[in-house]
Amino acid sequence: MPSMKTLPILQDHGQPQRLSGKPGQRSLWQSIQELEGRSSGRAGEFAAGAAEVPPELSRRSFLQILGASAALAGLGACQPPREKIVPYVKDPKEDRPGKRFHYATALALDGYATGLVLAASDGRPVKVEGNPLHPTNQGASSAWDQAALLDLYDPQRAKGIWRRGQPLSWRGFLAEVQKLARAHDADGGAKLAFLVAPDASPLLAELRRRLSTRFPRARFLAWAPATADHAAEGARIAFGRPVDMHLRLDPARVLLSLDADFLAGHGESLRLTREFARHREPGAEMNRLYVAEAAMTVTGAAADHRLRMRPSEVAGFARAVAAHLGALPGAEALEDPARDRAARVVAADLARNRGRSVVTAGERQPAAVHALAHAMNAALGNVGTTVVYTKPVLGDATPTAAALAELAKAIQAGQVDTLVVTAWNPVYAAPAGLDLGALLAKVPNAIYHSLRDDETSRRCSWRVAASHPFESWGDARARDGSVSLVQPVIAPLYESVNAADLFAAFLEQGDKGAFQHLRDYWQARSGLQGQAFQARWEGWLTRGLVPGTAEPADGPALNAAAVAAAARSPAPKGEGLELALAPSYGVFDGRFATNAWLQELPDPITKVTWDNPAYLSEATARRLGLADGQVATLTLQGRSVQAPVAVMPGHADDCVTLALGYGRSDGSATSKGVGVDAYELRTAPDAWFAVGLGVAPGKGKHKFAVTQGHLSMEGRPLALDFDAQEWAHGHGGHELEAQRGPVPSAQPPVDYSKEDYKWGMSVDLSRCTGCNACVVACQEENNIPVVGAEQVAKGRNMAWLRIDRYFAGPAADPQTVGQPVMCQHCETAPCEYVCPVNATVHSPEGLNEMVYNRCVGTRYCSNNCPYKVRRFNFLDWRGEVPAVQTMLFNPDVTVRSRGVMEKCTYCVQRIERARIDARVAGKKIEFVQSACQQACPAEAIVFGNLNDKASKVARLQEDARRYDLLHDLGTRPRTTYLARIRNPNPDLA
Amino acid sequence: MSAGRTLLGKYPDVDSLFGAARKLRGDGAGRLNFYSPFPLEGAEEVLGLRKSPIPFIAGAAGFTGVVSAVLMQWWMNDVAYPINVGNRMAVPTPTWVPIMFELGVLLAGVSIFMGLMALFRFPQPYSPLSEVEAFRSATVDALWLSVNVPAADVERTSDELRRLGAVDVQLVPEVA
Amino acid sequence: MSALFSPRWNFLSRLSLVVVAAGAVGTLVALWGYWRTPYGERLQEEVVQPVMFDHRHHVVDDLVDCRYCHFNVERGASAGIPSTEMCLNCHSQIWNKSPKLEKVRESYFIGTPIEWVRVHQVPAFAYFNHSIHVAKGIGCVTCHGRVDKMPAVTKVASLTMSWCLECHRNPAPNLRPADQITSMAWEPPSDPAARAALAAELMKKNDVQSRVSCTTCHR
Amino acid sequence: MTPPAASAVHRDPLAETPLILGHPSDLQVNDALLKPILDPNRGWKVLAGLAAAGTGLLVLGITVTLARGIGMWGNNQPVGWGYGIINFVWWIGIGHAGTLISAILLLFQQKWRTSINRFAEAMTIFAVMQAGLFPLIHTGRPWLAIYWLFPYPNTMGIWPNFKSPLIWDVFAVSTYFTISLLFWFIGLIPDLAALRDSATSRVQRMAYGVFALGWRGSARHWHHYKIAYLILAALSTPLVLSVHSIVSFDFAVSQLPGWHTTIFPPYFVAGAVLSGFAMVLTLMIPTRKAFRFENLVTERHLENMAKVMLVTSMIVSYGYLLENFMAWYGGSAYEAHLFFKTRLTGPYAPIYFMMIAFNVLVPQTFWWKRARTSLTWLFIASILVNVGMWAERFVIIVVSLHRDFLPSSWGMFFPTWVDWSIYIGTISFFSLLFLLFLRFVPSVAISEVKELNHEMRHGQAGTGGHA
C-alpha cells in the first residue's frame, strides 16, 4: 500500500494562489521539475509532448517540410548544448527530487465522492490512484477519476476573474461581491439566486446555511444534467420520504436490474463492481444477474440473462415480476409470451433466494419502477441484507429536474438580479425548449463559476475560473456518506477560485481562505482544541477519510398501497419509435468532452471513439432502410437532429439510443465538431426516454473512428466462456487443456526458476466488466499519446491496453465477452528475433523489453506479433506541447518520439522503482502493482511474481480456468487468462 | 625494354596472326603480344602464358569472407553482448548461414576486381602504343601483333612481319 | 597526331584513385576515433559556472562531506543540487561580504534560482539512480573523479553506454567500503591478493547484483 | 548496312534463325552498336525529360516522409508494411533477370545472351538501386537506421541482431548491388575502349578513355579477363538465388499465416526471374526498334525470353498451388482462413485474382509460337506480368497482415498520395537511369557480339547454343 504522508508542501497556501504574483510558488514546481529533469523538460532525443489532439496534417505547408528535411540533413556528430540545473532557492522541507509522495484526497462527481490517492513527483501530481482505505472504491478508480489529471493540466482551462470582459483581481472581486451582497441585504436577498451543482460537502452546506441566514429570501437551486429525481420520487412514493438505497452485493445471489447500469457511472459502481465480480467464479457462491435494458450497457454485457426491451417496457416487466412475487396485487400477463415466461422465471429465481437477492431500478426509469423495486426487495426480505436504506446524502444540494424551470420563471419575472451558477453548463444541457442562454443574458449579475469557458460562460456577465479539485481545499462525501477531506496537491496553475471561497465572498469572508474555513468547520464539529485536534486532523488527511461519518442505516416503512397505485400509471403511448438517452461512458453528460483521453476512450460495447452514434438494432435498421454510418434525421416533438446511425448488437428493436454530451459548441479544440447534441431532443418531462421518434434516412455517410472493426471471434478459441452447469460437469475443462501447457519446440526453453522474480499477469474474464478504468490508468501511467479521430479511423490508436469485445450468437440478442489484451510478454516472443537492431529483447526475469531509444522503426515486430499489441508512433503525435502539459508526464517513463515502436512493459518503471528502493534497504521487492491492476475495480487483473508460489498470480496460473491466448503458436505468454463462466438459469434456456 | 623498340603488325585474320607469332617465337624473338577487339581462342598457348592467379585470389578472399562472417556474428551476438532474443537458440545457429554466404561472395567479387586492376597495372590511360594512330583499330575490328626488338633489328623484324602476312606495320615511337 | 593521353595521366589517375579510397576510409576512421577522444567525450572541458564555486576549497580546506550539499545521493535518483539557502547556511556567517558570492545573496533575497551548467549529462532515456550505486559501494570518485582537485568540475569519465556496461559486467574492482564512499583519497589495497579479497567480500556483503538487461536503464 | 528481308529467315522452319542477321563485318557491328551513342536521335530528350519530372515525385515523397513520418503513408496497425516493402521486393525481383541472363546463360554457353546481357545487367543495377531505397526510407527513424543496421564499432557496446532477416537483407542487397556493378563494369571495359577508339570528338574519347582504364585488347589481359569474368558469373548465379531467398525469409521466417511458408525461397526466385524477364522485354522491344538492333536482338532472342517466362510462370503457379495445398493439408485454422476466405472473398480479392490472371494465365499464351513472336503481344504480356508480380507482393504483404490471428485487430490498408508518388517516382528514376545508360554506354556487349560474329563467320558457333 502506498505510503501516505500528511500535509502536502502547499499546506500554508490554503487560499487560492495567484502564481503570477508569487515567485516563491513558481520556483516551487518549476525548478524542481527542471532539477530532477526527468519530466519531458529533459526529453532530449525524445520530443516533449502531452496528450492532446495532434495538429491536423495537411499537405499545404510544403515549405515547412522542406525546412524540416533540411534540418534532418544537419543531424549528426555535433554535440548537444549543455543543460541547466536549476535548484531551489529555499528547500521545501518535505520534498526531495524524484521522490514519490502520495496524498489522500477525494473527487466528487455529481456530489458523490471517490476516495483517491494522488501520486506527486517533484511537486506535481502525476498519477491518480484509488484510496484503498475508502469504503466506496477500496483502492479502485474509474476512468473518469483517472482522466481528471488531464483536466488539471489542460491549457484550455478558464483563467482569472472577468466582469463584463474586464479582468478583476481577487481583491477587486471580493470588493465587488461585497457591494453586491450589501445591496441584497436590503430585501433579504429576494433577488439573489444560487444555481449550485449537486454536492454533499459539509463545508459547502455550512456556507450555504450561513448564506441563507444572511439572505433568508435568497433562492438555492441544485441541478445537474445527468441526474433526474426519479429515484428520490420513487422513494417518496414507497416510503413517504426520500431515502438513499444502497446495494450490498456480497450476500446477493440473484440480481435483477431494471435498466440500471449499476456497474458503471453509478455513484457506488466501483464498490458494486468489486462485490459483484467477487462472486463470478464458479461455485455455490456464484451470483446470477438478470438485466432488462434497451441498449447494451456494461452491466448488460456482464449479465447472465439480458432481457432486451424498450425503456418504456421495463415498467410493465417490473410490474409482472412484482406481481409474481406477490409484491403487487393482480398479476397481469405480458403480451409477449417469451417475456412473460422470463418474468415468471426471474420471479421464481428471486423468490428462491429470499434475503439473498436484489432488485434495482435505473435512474432513467420513472419513479413507479423505483417504487416497485423497493416493494419487491421488501417482499423478498432483502432489506437489511442486500439492500440498505439511509437518509439522502446530498441534503440541500439534491438536484431536481424542476430547478431550471423554476429559475427560468424567476428570471422571466425579473426576480433575479444576482445569480451565482456553480452548476455545470446549464445553457448547454438545459432541456430543449428552455432558452436559458437568453434568460441569463437578462440577469444583471450572472456569476458563472466553472473549470472551463463554455456555452454558459458566454451568456454570463461574470466569469469566475474554478480551481481544479486537485488544487483546492474542501471536503466531500461518498454515496454511503463517509466524508473525505479534499486537499490540494499543487497550487492553482491558473488564477482561479474555489467554490468555498466564492460562497464565502458573499459572506464577506472571501479572504479567509478555504483552508481556514474547512479547518474551522471541522474543529468546531469535532469539538476538539489545539494539539488534540491537530492530531485528529492530520489523521483524517492521512487516511483521506473522516471515520464514523457514514450514514447509519434507517428502516423506512413501505407503503404498499401507494406503490400499487403508482405502478398502475400507464406506460407512455405514442406512434413511431422510442428515443432513449444515456450518459456517455466517455464524456459523461458532456463535462468531459474537452478531455482528449475520454474522447478517445473506446465505448465499452461498440468500441467507437470520438463520437456518439444513434444506436439501433439490426432489425430496426433494416426496417428503416438504414446502413451502418448513414446519417439520419431524428425528429421528436418537432425538434430534430442529424445523427449517423450505428447498429448495436443486442439493442432493443424500434428504439434508438443516443448518448448525451456531444455536439459541443464551447469553442474547445478537443470537443469541436465531435458527435451530435442529444440535449436538443431532451425535454424536461421525458428526460431519458420518449415515444414518438421519427427517423428519416438522410444523405451522407459517416466514418466512425472505431478501435475494433470486427466483432466476431470467427470461431477461434480467443475469449473463452462456459456455462456454469457444463463447467460443473467438467465440460470445458478438457477444452481448456488444449489451450495451455507445454508446446513442443526445437528451442529448449530458458529456465527462469533460478531468478528472484518471474513476472507474470493473470486476467479473469469472468470478473472483467470492460469498464475501461485500466485503459485510462495505463494511458496516464505510461505517457501514452492521443491521436485523434482521424488517426484512430486509420488504425493508429496508441492504447497499450485494449479491451477486445466479441459477440456470439444471434445478432439480435447475442452473448458478449470482453477481453483485455496487452503485451503478453511471450517467453518465446516472435517480435524479438525479427528486430534487426536488438531494440526488443528479453530480460532475465522474462520481461519483453522495448528499448525506445534503440528502435529504428522497421515495424517488423508489430507484423510478427500475433496479438497485435504493439503501437507505432507513425507521426509526431504531440507536436509543440504547452509547458503546463509537460507537467502531466510520468517522469519515470520516456516520452516516445516519432518513428518509434512502443507497447505494454508490465509497468517496468514501477518494478525498477520498487527494486531500487528494496535493494537500497537490502530487501527483496515486497509489493509492486501494475497500473491497470491497481485501477481495476473488479480485481480482474493480477500482476506479480510467478516464482513466489504464494503470490496470487502464481495461484491463478494454476487455476482450472487458466488458458493462454493463441496457445498453439507456442509463444508461452506470461499473461494468461481465466475463462469466463456464465451462470444462466436453466429454466430460461 | 630499355634500349628496345616495339613493332606492331596488323593481320587480316587469326590464322595469319597466330602463324606469325609462332614463327617469331621459334626465332626467339622478344616479348610478343596480341591486341584484338575480342578474346582469341588459343592465344594463351601461342604466347605461352602461365595460368592466371585470379581463381586463387577469389577463393582465398571468399574463404576469408565466410570465416569473418562466422567470427563477427558469434562474437557480436554471443560474446560481446549475449542477449536472449525470443528464446531463440544460441551458438551455433543456422541464422548465420545467409551472412556467411553473402560476405564470402562480396569479398571474392571485390578481390577479383582488385586483382584484375593489379595484374593489368590499371588505370593506365596512356601507353606508348596509343602514340600509333592506326593502332586504334585494335579495339574495333583489327588484329595486331606486337613484338619487342632491339633498336638495331627494327628494320629486319618489320620486313619479317610483312613477310608473315602483316597488312600494316607500325613502329611505336620513342617516348620523349 | 599525338596520343589521347600524356604519360602523366597514368600517375595522375592512379593517384586520384588512391586519394578517393584513402579519403573514404580516413573519414570513417576519423569518426570512429572522434567519439573516443577526450574531445568527443567532452572530458576535461572547461565549463563556466554562474558562480565560481571551488570544490577543491570546500572539500579539502573546509572538509565538507559531499553529502552535505548533495543531500539526496543516498536516497534518490538525483544526487541533489544544494539550494541557495544551503549555501547561505555557512555563507551568511563567513565570506558574507565577498563579492564572489554576490550572485548567491542576490538569488536568495530576490528568489531567483542559480542556473548551474550541467557537467555530467546522461541522455533523457537513460535512467541513472545514485542511491543504488552508493548503497552497493560505488564511490563518488569512480565516476566523478578527484573533485577535490578540480577548481571547476569537469567530466572525467566518458559516460558512454559501453563505459557503464564495463563496470556493470565486472563491478568488483570498483567497490569500496561503505565508510569510504565519499572519500576522495581512498585507494584499494595495493597488494593484488588483498584487493581481490576485499572486492570479493564487498560483493558478498553488499549483495551486488549489477544488471545489464535493457530496462535496468531504459524505460 | 542493309539487312536482307526477314522473310529469308523463316525459309526452313527446322533450321534455327541465326543470332546475327546479314553477316556484317566487325566494323559494321561496331558502328551499328555505337550509333545510338555517337549520333543519338531526338526522341531521347523528350523521354529523359518525362523521367526526370517523375523523379521529382520521388524526391517529394521521400522529403514528406522524412519530415512528417511514416504516418504520411497508408501503413497502420495491423498493416505495418505497405507499399514500401511491396516495392522493395518487386524491384529486387526485377533486378534478378539481369544477373540471370548474364551469369547463368554465360555458364551454360548460351550464345543468344550476348545481345541482351549488357542491357539486362544495367537493368539489374538500376532496379536494385530503386529497391535499396525502401528498406531505409520505410523505417521510422532512417537517420539512425542508416548506420545502426550495420555492425560498426560503436560506443554503446550493442550490436545488430543477426537472427533478424532484415539484417540478412542488408548484407544480401548490398552484396548483390556491389557484385552486379562489378560484373557489369568489367564486362563494359572492352566496349568503353572501343568507344574511346571509335569516337571522333576528343572530349568523348577522353571521357570513355578514362573509364576504359587503358584497355587495349592485349591478349595477356584477355587471358586474366576471361577467367575473372567467368568466376564472377559463377559467383553471381548462386548470389541471385540467395538474394531472393533471403528476401523471402523476411516473410517465411515470421509466423504470420501467408508468410510462414516453406515454399517461399524457390517460389520467390522464380517469381523474380519471371518479372525480370518481363521487364527486359518491356524495355528491349521499344529500344530495339528505336536503335534498329533488329539484326542483333533478333526475334529469336525475344522468343527465348518468352520461353523462359513460360517456364518460370509455371514454377510460380506451382508455388501458388502448393501454398494452398499446405494451407489445407497443414490444418491450421488461421492459415486456412487466410487462403480460402480472406484471399478469395476478402476486400482485396480482386487483387488476388489479378495476380492469378497475370502471372499464371497470361504466360500460358507462350505455348504458341505466334504469341512468342508477336512483338505487340510480347510487349503487352510483359507489362501485365509486371503488374501481376506487383499484385503478388501486395497479396503476400497486405492481405496477410490485414486479417491475422485476432479478429479484434483486423484492419484495412489504403495507400496515400505519398505512397503513390514514391512508387511512381522510383519507376521514373529507373527509366531516367536507363535512358542515360542507353545514351552514354553501349547497350549491347560489342566485344562479345564481335566474338560471336567472328565464330559464326568461321562456322564455329553456327546458329549458337540452344535456348
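The first chain written gets the first letter, and so on, giving A, B, C and D; residue counts start at 1 in each chain.
Convention: a contact is a pair of C-beta atoms (placed from the backbone, for glycine too) under 8 Å apart; a residue touches a chain by one contact, two chains touch by 3 or more.
Owing to the predicted nature of the structure, the values given are computational and were not obtained by experimental measurement.
Pairs B-D and C-D differ in how many C-beta pairs touch across them, and the larger number is found at B-D.
Ranked by distance of CA centroids from chain C, the top chain is B. Measuring from the averaged C-alpha position of chain B to that of chain D gives a distance of 30 Å.
Between chain C and chain D, the centres computed from C-alpha atoms are 54 Å apart.
Taking the mean of the C-alpha atoms as each chain's centre, chain A and chain D sit 58 Å apart.
Within chain B, the positions touching two or more other chains are listed as 81, 83, 85, 88, 123-127, 130. Shared interface positions of chain C, i.e. residues touching 2 or more other chains, are given as 4-5, 10, 13, 165.
Touching two or more other chains at once are residues 830, 833, 835, 838, 841, 844, 854 of chain A.
Against chain B, in their complex, chain D makes its touches with residues 25-27, 30, 151, 157-163, 167-168, 171-172, 174-175, 178-179, 182-183, 185-186, 190, 193-194, 196-198, 209-210, 212-228, 231-232, 235, 238-239, 242, 246, 249, 446-448, 450-451, 454. By the touch rule above, chain B contacts chain D in their complex via residues 33-40, 43-44, 47, 49, 52, 54-55, 58, 62, 72-73, 76-77, 80-81, 83, 85, 88, 93, 95-96, 98-99, 101-103, 105-106, 108-110, 112-113, 115-117, 119-120, 122-127, 129-130, 135-141. Touching chain B in their complex are the following residues of chain A: 746-750, 826-833, 835, 838, 841-842, 844, 972. Chain B contributes residues 83-89 to its touches with chain A in the complex. Chain A makes touch with chain D in their complex at residues 57, 59, 64-66, 68-69, 72, 75, 708-716, 718, 791, 794-797, 802, 804-806, 819, 821, 830, 833-838, 854-860, 862-864, 866-868, 870-876, 897-901, 966, 969.
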